[in-house]
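The structures considered in this document are given below.
In the two assemblies presented below, chain A is common to both, partnered first by chain B and then by chain C.
For the complex of A and B:
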């Protein structure tokens, strides 16, 4: 607190937004220094939802620790689990069956769409439009139903295991996903009609929250936040994992560098995810859904790192193994933490009312920041 | 030119609002698109997916027999210490000692429904049930003993 007080001059106002605040999508605590209505400094205070997931993982075996990561970035739980499973596979040098790889990629992309849908609804709600939230949840509900049928849960699936996936696909899976794609294509124009083209929305977003490409790189941002500034950063393109190198999809880049550019990146990313699913859904190869693994997994001594592209950016899983059944140390490089650090940069000098819009475009999930 | 641009901008702004309002108006008059489920009222017809992970149960057959051998694979697989297997030794008719479960204690309040115990079980003794209304007034009621009283292991399960 003393540090913030040092920066203030007479007439400045320090206010706390959060930890319990409806606009922060979670328990994020921001200490904001204001001069009138202009933001002078934003300092995020973390620790309110710290559950020491990294420390917890050290006492769990390589099969068990994966479920905890669903609770980090709960909106892209599949992709978190995927990263962990792949890191363990890297250590054990397991060859994942092709069927499992395809299932994993389809699930990842469905999760990405679901995550972006929720973001879109919440983004519009941040700016005062409540209706889009329900429209977004209508499509997201379809994905949740697909997940419920195949994985058995709607949000924290724990479907990826070292060697493949936990269960085979539900017989209705392909039909349901095709139905979803039909529904999605029928409804996607509504998003543009309701929100993207809306003049109030555009005025609130354009020119707000300027993040230069240099800053985006130097603050370590990833995902749609950097791509909104025109920096190519898609892990799926640059460091392809699973079968992404065989798929046709575009990396979305916008050069607006403002909130609206980041908004457009996510909207168009959803279409690319649908494109990926369309390529795969009719071509799921037959075979095993899980490779044969030992009952007790022991990673060889060494260090293993695996990165994936979640809905929010780059997630890195770093495992240090001493050769035992539990990891010696686990470190997660979460996208939300780096993306949050840029908030002070883009918010300084703008008005307090725009802060919520900027936070919305960063797509912060607080449990991901605060592990 | 300035005036022309200004009018164009105002026209575009009003149009964008009307386009959005038309979409909202469409759903206001088309009730078929409503997908809301009236949850507590539709409990009779509500059907969850077969694989839905609600709680761990141990199926018994009509002779009050289960398939659990007491190998504690589920206990070892569980990340939270949700399952506790208490074993005892039965005396078989031949006079040998045989390991069997006394009770399988399941703490629903700790369970995260990760399905690891079910996949770890070598004899398919436990499975996930589709129940989800777990709220009770006393937390002790969440600690359950999965095997029925007086139950014993099914013939032929090792």
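For the complex of A and C:
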């Protein structure tokens, strides 16, 4: 896109951010039209990490395709796997043992905390503070270790399989999760002291990136992006899956509609995730961790849709089956794709320096957008 | 609103609409020519208020293409799956980006992956594929790429 560089006739400047840029956290290419310092237009160019996961899944069996989805939103790998496993279970009408359901929910919430931790550190780093990044990784590392022990991997866990989970929990799992919760409670006040209450951060985030509730719905946003605009959208509350309807937790809503509101939603969501884990960690029922399933899975002819709440919003898995061992068509409704589409709307008219704060609070994960 | 009530209202709105059985939600099949007006009514009628288009995609059935729109109402929490059959050789359909803004991006993806031509789309260009890719549609069933194998 070198030819696009340079001034246009109206005195506007077109600049490229990315595809390799530290603030895009991945290979995202933005072509930004500037008038002075004011943004006139932001146009995302995608596809730098497009791997055709949807097409690939068409030639993978219902056991295999789940493994590819860990690579979509790699920070919510568990939750992606969870959505796919549940979609297959819906088609085959498999009943998942209670133990597996509880394990899945604990894993999901640990993933959500780890994802928000990384977002928090990276966003603070984008705005010029390096220290929070190390603080966030201190807690996140503990979660990664827990994952490694039980699932055998730190990021792409592939732990959820149709019918339950791949293997039973590590004997140390409960102890380590409790230790993590202790650590988290001891340290969380540092987050607020370092960033939330910091007047420089507040000035850079308040009133920046205004997203009205109507636009949030019309642009198909989901997750903390809509909840920062006061729109209730938590799939766990509205369309509960697994055991979420039996748990006590709050859906966090903020009405600021700006970057700071989206920031607060994520910070407070971590506390709710800890609350969920605390309810479950001592009450993991005994029993099977996986339902008995056939070696070869064949979904009946038809269409199946399953959605979950990932750390970024609503992930939907749409399977069209012709009755074979592989899906005829799979569509992943990724939360990042829709959240990115609103960037031009909220950035137009702002200063270039604020773009980083907006992108940070949209929490874009590029492999999730490209798929 | 329950599926039966939705069915009654939709039959009143568009007698030509066909209902498909099976599936979790009500499936409605309409003609491409009726789509824009019908979708507008789904969005704007106060008792329907389908304000959230959460999934827009296309399925290649080898003989034809089917556009699939998943809609829900954030107010009433009812769902609807809207389907439009398209001619595979000349897949023209009106854009819905004026009704749901999210459709603008999602339709660009379908345009390049399936070759569906969205009429009156404000900005129908390649989004994911590199420049100069026009004419080949990777998500169609007959697409083969021996160099970059996608099929495993």
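To be clear about the criterion, the second predicted complex is superposed on the first by the 362 of 371 C-alpha atoms of A that agree within 3 Å, B and C clash if a C-alpha of one lies under 4 Å from a C-alpha of the other, contacts with A are read in each partner's own complex, and residues count from 1 in each chain.
The rule is simple: contacts are C-beta pairs under 8 Å (C-beta built on N, C-alpha and C of every residue); 3 or more make two chains touch, one makes a residue touch a chain.
Treat the numbers as computed from the prediction; the structure is a model and nothing was measured.
Of the two partner chains, neither chain B nor chain C is touched by A:98.
Touched residues of chain A were counted for both chain B and chain C, and C has more of them.
In the superposition on chain A, A:138 makes contact with chain B only, not with chain C. With both structures placed on the common chain, the touch criterion links A:46 to chain C but leaves chain B unconnected.
By the touch criterion defined above, A:65 lies against chain B but remains apart from chain C after alignment on the C-alpha atoms of chain A. Residues common to the contacts of chain A with chain B and with chain C across the two structures: 60. Chain contact summary for the complex, chain A toward chain B: residues 60, 63-65, 67-68, 131, 138, 141, 145, 148-153, 156, 158, 161, 166-167, 170, 190, 193-195, 197-200. The touching residues of chain C, counted against chain A in their complex, run 22-25, 51-55, 57, 59-60, 68, 70, 74, 77, 81, 100-102, 104-106, 109, 127-130, 138-139, 150-152. Contact residues of chain B toward chain A in the complex are 12-13, 16-17, 19-20, 22-24, 35, 48-53, 77-79, 112-116, 119, 128.
By the touch rule above, chain A contacts chain C in their complex via residues 44-47, 50, 52, 54-56, 58-60, 215, 217-220, 222, 231-233, 238, 302-305, 307, 314, 316, 318, 320, 328-329, 331, 333, 337-338, 340-341, 345, 370.
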